[in-house]
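Each of the next two complexes has chain A plus one other chain: chain B in the first, chain C in the second.
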Partner chain A sequence: MSLSAQLINGLALGAGYAVLAVGWTVLLGAARLVNFSHGQLYMLGAFTTWFVVAKLGLPYLVGIPVALLVCGALGLLMQLAMIRLTLDQKIVNLMVVTLAFGYLLQGGAALLFGGNPQRIDSPFEARSLALGVARFTQQDVLIVVAALVLYAATFHVLGRTGVGRTVRAVAEDPKLAQLYGINAARVYVGVFVFAAATAGLAGAVIAPRSPILTSIGFDEVIITFLVVVLGGIGSILGGLLAGLGLGLFVAVFGAFFPPAYSMAAAFAVLLVILVVRPQGLTAR
Partner chain B sequence: MSSLLEVRDLRVRYGHSPALHDVELTVGEGELVAVAGANGAGKTTLVNAVAGWSRAAPVVTGQIRLGGHDLTGIPAHRRAALGVALVPEGKGVFEQLTVEDNLRLVTPPRTAAGRRFRIEDIYRLFGQLKERAVAPCSTLSGGERQMVALGRALRAAPTLLILDEPSVGLAPRLVLDLLRHVRQLVDDGLSVLLVEQNVRASLQVADRLYLLERGEVVTSGDAARMRDDERIVTAYLGGLRG
Partner chain C sequence: MSALGSEVRSPAGSGGLDSLVWTGRRGPLRWGGRLLLIAVGYLLPWILGGSDRIVTTCVLIAIFAIMSYGLDLVLSYLGEVSLGHTLFWAAGAYLTAITAVRLGWSPMPALIAALAAATALATVLGIATIRTREFVFSLVTYAAAVIGLTVVSNSAVFGGTDGLVGIPLLSLPAVDGQYVARSNADFWPIAYLVLVLVIGLISRFRRSKLGVTALMAQMNPDLATSLGVDVRRTRVLVFVLSAPVAALAGWLYAYQRSYVSPDLLSPYFLLFMLTAVILPGRRLLLGPLVGALLLTSQQELASLGGDADKIVLGGVLAAVLLLSPDGLAGIWRRIIRGGAGREIRPARDEAERRA
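And now, the complex of A and B:
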């Protein structure tokens, strides 16, 4: 594959990583929360889309918002169940509880959808486009557009609106926020739902590129972690740049070396960057 | 004068350590009531209990009523909606947010009964804040931060404003300015509960004063009368009349 083809592949891959990571960036930056079931929510987003298309016979474009809503609703239930731990910022307990939720989601999905690999029938995956010698699909374009729209919207909401102002205030000092009449618990729930819904969205737009299994999700959590830390915890622009950078790195690296080494190489780069810039690429 | 705030049998403890014992306190409508006392007397614990707010996790018993609402057990953000605005000691603003963002963060609740302050009203009250509107609060001086904190509290259209040690870290001239602003707000009808370590300054602006010692109210009464009370003058004003 030519370098230009690898770059386009890397761009789509990286945009996918960025979509996957945006929820965690806000979650960790704004609410000091983690969600280790993020990868399973991605898996569930993919399978919900598959179910809507393959079993209900509805168009793929209906599957995307359904996946977003289902994962957002699950995020709401999860956060309501652990709101006390969230308010007390019991991070270790939250890690274990969200890990448990992840396994429950994986088991539940296996029961519902079976253990066979499935393919999401997206009309965009079948349509090829060409740019010079490089070929890519409309699905790749959809992923890049989804990433850009999602990041632009998140950047705007957090930086320019009253909702964003409230989230930033709670991120800085949830106790003080109470004196401003802000219900910090409601903000935590909202941010968690946003993160879960965007994980579902990631599953719906990225997963048509390859077969899906209910056991996927673990790699996605690791990639999310990498993107969030690389971009600088809580940095929206950093998340986008780190996602794109990681995708391009993995694609170009894969052109010269066996793909099995690409994640190890990505983590080696992360180590170097964190030694030089402990705050990540863009955080001040 | 009818009571806006009524505190009855208030007891607060942190774990097994008692901090307040059977405190009774009232604040009338349009009245400035000061709570004074030495460090550790329980002043901050008292006002935090009224606002339902604390960075620790105290156990609070007793009754706190505001204009007919029973505040006991209600979380701080809902007390804010009911008209209680606390400006805490120390960090009272979001430092990473700009001055204007801090002020815009508060919108008066629909049920707010107090006077409504628009952002322009706050800038009119504290002129220098307008020039610093887009500056992050981390770059402000101590006095400017106090103004933002007070402005933020007023934006909530409170019926009861609680100020915890607003003079800490401020130059004497700024303290007088700030207290003058507060007195003006009271004269316009706001009720204020002011915590001050500086008994002399409290007596200058307050209508009534409560003196706390080791978590108990040891004396209370009309500020003008207390200014002339030999016992108070000797014990708290160093024997000198101000």
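And now, the complex of A and C:
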């Protein structure tokens, strides 16, 4: 493939990473929470879409909001179960609980959807476009559009509205915000549901590019982690740029080396950053 | 020793069962009790009927308990959640397989290679994460394990997704020639001996300067620093020490199963380790053994099928942390105290009176 084709591919890949990571960026920035079941929610978003399209026979565009709702509802249940741990800021225990939830979701999905690889039949995947020599599908365009809209909306809501002010107040100082009359528990629930729903959205729009299995989701957590950390924890714009950057890196790396090692290479970069410049991890 | 024990006790995981194994009288009576316990433990497969299924389950319990003790060192005494310990366990098993199958090494040199590889990996990872804590530490170790899975599944050296098959029988030098483990019944004495040695090591660690320092660094890093403790050095040391313990289990498992495959790096073993340590309650000497016993018994003797077992494992771990973060020991303590406050002293006194 030519370089321009790789760049187009990297752009679509990176936009997908950005969609995947936006929930985590907000979750970590606003609530100092991490959700290890993020990858499984992505998987569930993909399988919900597949179920709606393949089993219920509804159009793909109906599958996307259904996936969003299902994952958002699961996020709501999880956060309601964890609300006491969250308010006590038991970060370590919370992390392990979400890891356990992820494993539960994986087992449940395997029981529900079976162990065979599936393909989401998206009408956009079949239609390919060309830009010079580079070819791409409408699905790629959909992913890029979804990323831009999602980031613009998140940026606007967090930065310019009352809801955003409330979330930022809780992020700054939860105790003081509560004294001021803000319900921190409600903010935590809201942020967690947003993160879960966007993971579902990511599954619905990205997964048609390749076959899906109920065992996927672990790489997605690592991708999310890389994007969030490289973009600067809590930074929306940084997340978008880091997502696109990582996508381009993976696409270009995959052109020269076995693609299976691209994540390993990205991780090696992260390890070097950790050693050389650990303060980059806490920068806003 | 008992004075030291009360000093380093943390508010979260103390009293009750902990006191029974941690403090107590020294002397012939205590040693006699320990030896009796060790002897009964050894005879357990036969006490339970000695069927093939029981013996296999007991061997797996021993191996998985050793694996969990590796994570226990970091989780209980450093208070950090390492999600990368499957890496050390898999390193132990894979190095054993590669040296035994490809190079024809015998078990002891293979063991040394396994321990060395895990220690080297842990040193690199420990130094890279030296300035990270909490979720960043967990995420980096988790990422290391996921990347490890990708690398192992895709490279020919490790046999790709098929893994490596044809690991020879475990054969160790004995008084009269060689002791060859042809069956799980032959394997049991070796696995059990290693388990007892590992528990001995953990028990020594708990009383060692490093163990006390680690607890202090966990409970109050600022105080530890002001008392002249190098907190970062302590954290790396404990992390590095924990890796060969997990690798030891990997070495045993490679021989017991006679093949290795990338499933060693799967989240199943990660969740298993975490649950085995957290379910009984952190910082208990015999905790990981009890945890491994409960989990392995369920999976081997009362399995509901692979996917349903995942729900059981994930569900148990989530439920413990949400309902009783101190695990079964926490529930037990609440029962014997009748739900009274959380002071440490009364529980300790009561435990000592019982002992």
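In the analysis below, the second predicted complex is superposed on the first by the 270 of 284 C-alpha atoms of A that agree within 3 Å, B and C clash if a C-alpha of one lies under 4 Å from a C-alpha of the other, contacts with A are read in each partner's own complex, and residues count from 1 in each chain.
As a working rule, a residue touches a chain if its C-beta (ideal position, glycine included) is under 8 Å from a C-beta of that chain, and two chains touch if they have at least 3 such contacts.
Treat the numbers as computed from the prediction; the structure is a model and nothing was measured.
*Asks:* Is A:Phe101 touching anything from chain B or chain C once the two structures are fitted on A? First, second, both or neither.
*Replies:* second
*Asks:* Pick one for A:Ala207: touches chain B only (first), chain C only (second), both, or neither.
*Replies:* A:Ala207 sits against neither chain B nor chain C.
*Asks:* So, does A:Asn183 touch the first partner chain B, the second partner chain C, both, or neither?
*Replies:* The answer is first: A:Asn183 touches chain B but not chain C.
*Asks:* Identify the partner contact of A:Leu270: answer first if only chain B is touched, second if only chain C is, both if each is, neither if none is.
*Replies:* A:Leu270 sits against chain C, while chain B stays out of touch.
*Asks:* Would you sort A:Met43 into first (chain B), second (chain C), both or neither based on which partner it touches?
*Replies:* In the superposition, A:Met43 touches no partner, neither chain B nor chain C.
*Asks:* Quick one: classify A:Gly162 as touching chain B (first), chain C (second), both or neither.
*Replies:* first
*Asks:* For A:Ile236, is the partner it touches chain B (first), chain C (second), both, or none of the two (neither)?
*Replies:* It touches nothing on chain B or chain C.
*Asks:* Please name the chain, chain B or chain C, that touches the greater number of residues in chain A.
*Replies:* Result: the larger residue contact count on chain A belongs to C.
*Asks:* Looking at the overlay, does A:Glu172 come into contact with chain B only (first), chain C only (second), both, or neither?
*Replies:* Touch partner of A:Glu172: chain B, not chain C.
*Asks:* Residue by residue on chain A, keep only those touching chain B in one complex and chain C in the other, then list them.
*Replies:* none
*Asks:* Within their complex, state which residues of chain C touch chain A.
*Replies:* Contacts found on chain C: 79-81, 83, 127-129, 131-132, 134-136, 138-140, 142-144, 146-147, 149-151, 153-154, 267, 270-271, 274-275, 278, 306-311, 313-315, 317-318, 321-322, 325.
*Asks:* Could you please specify the touching residues of chain A with respect to chain B in the complex?
*Replies:* For this pair, the touching residues of chain A are 162, 165-166, 168-169, 172-173, 175-184.
*Asks:* What residues on chain B touch chain A, complex-wise?
*Replies:* Touching chain A from chain B are residues 51, 53, 55, 75-77, 80-81, 85-86, 88, 91-92, 94-97, 101, 104-107, 109, 152, 156.
*Asks:* Over in the complex, which chain A residues touch chain C? Could you list them?
*Replies:* Going through chain A, the ones touching chain C are 34, 36, 81-82, 85, 90-93, 95-97, 99-108, 110-111, 218-219, 221-222, 225-226, 229, 258, 260-261, 263-264, 267, 270-271, 274-275, 278, 281.
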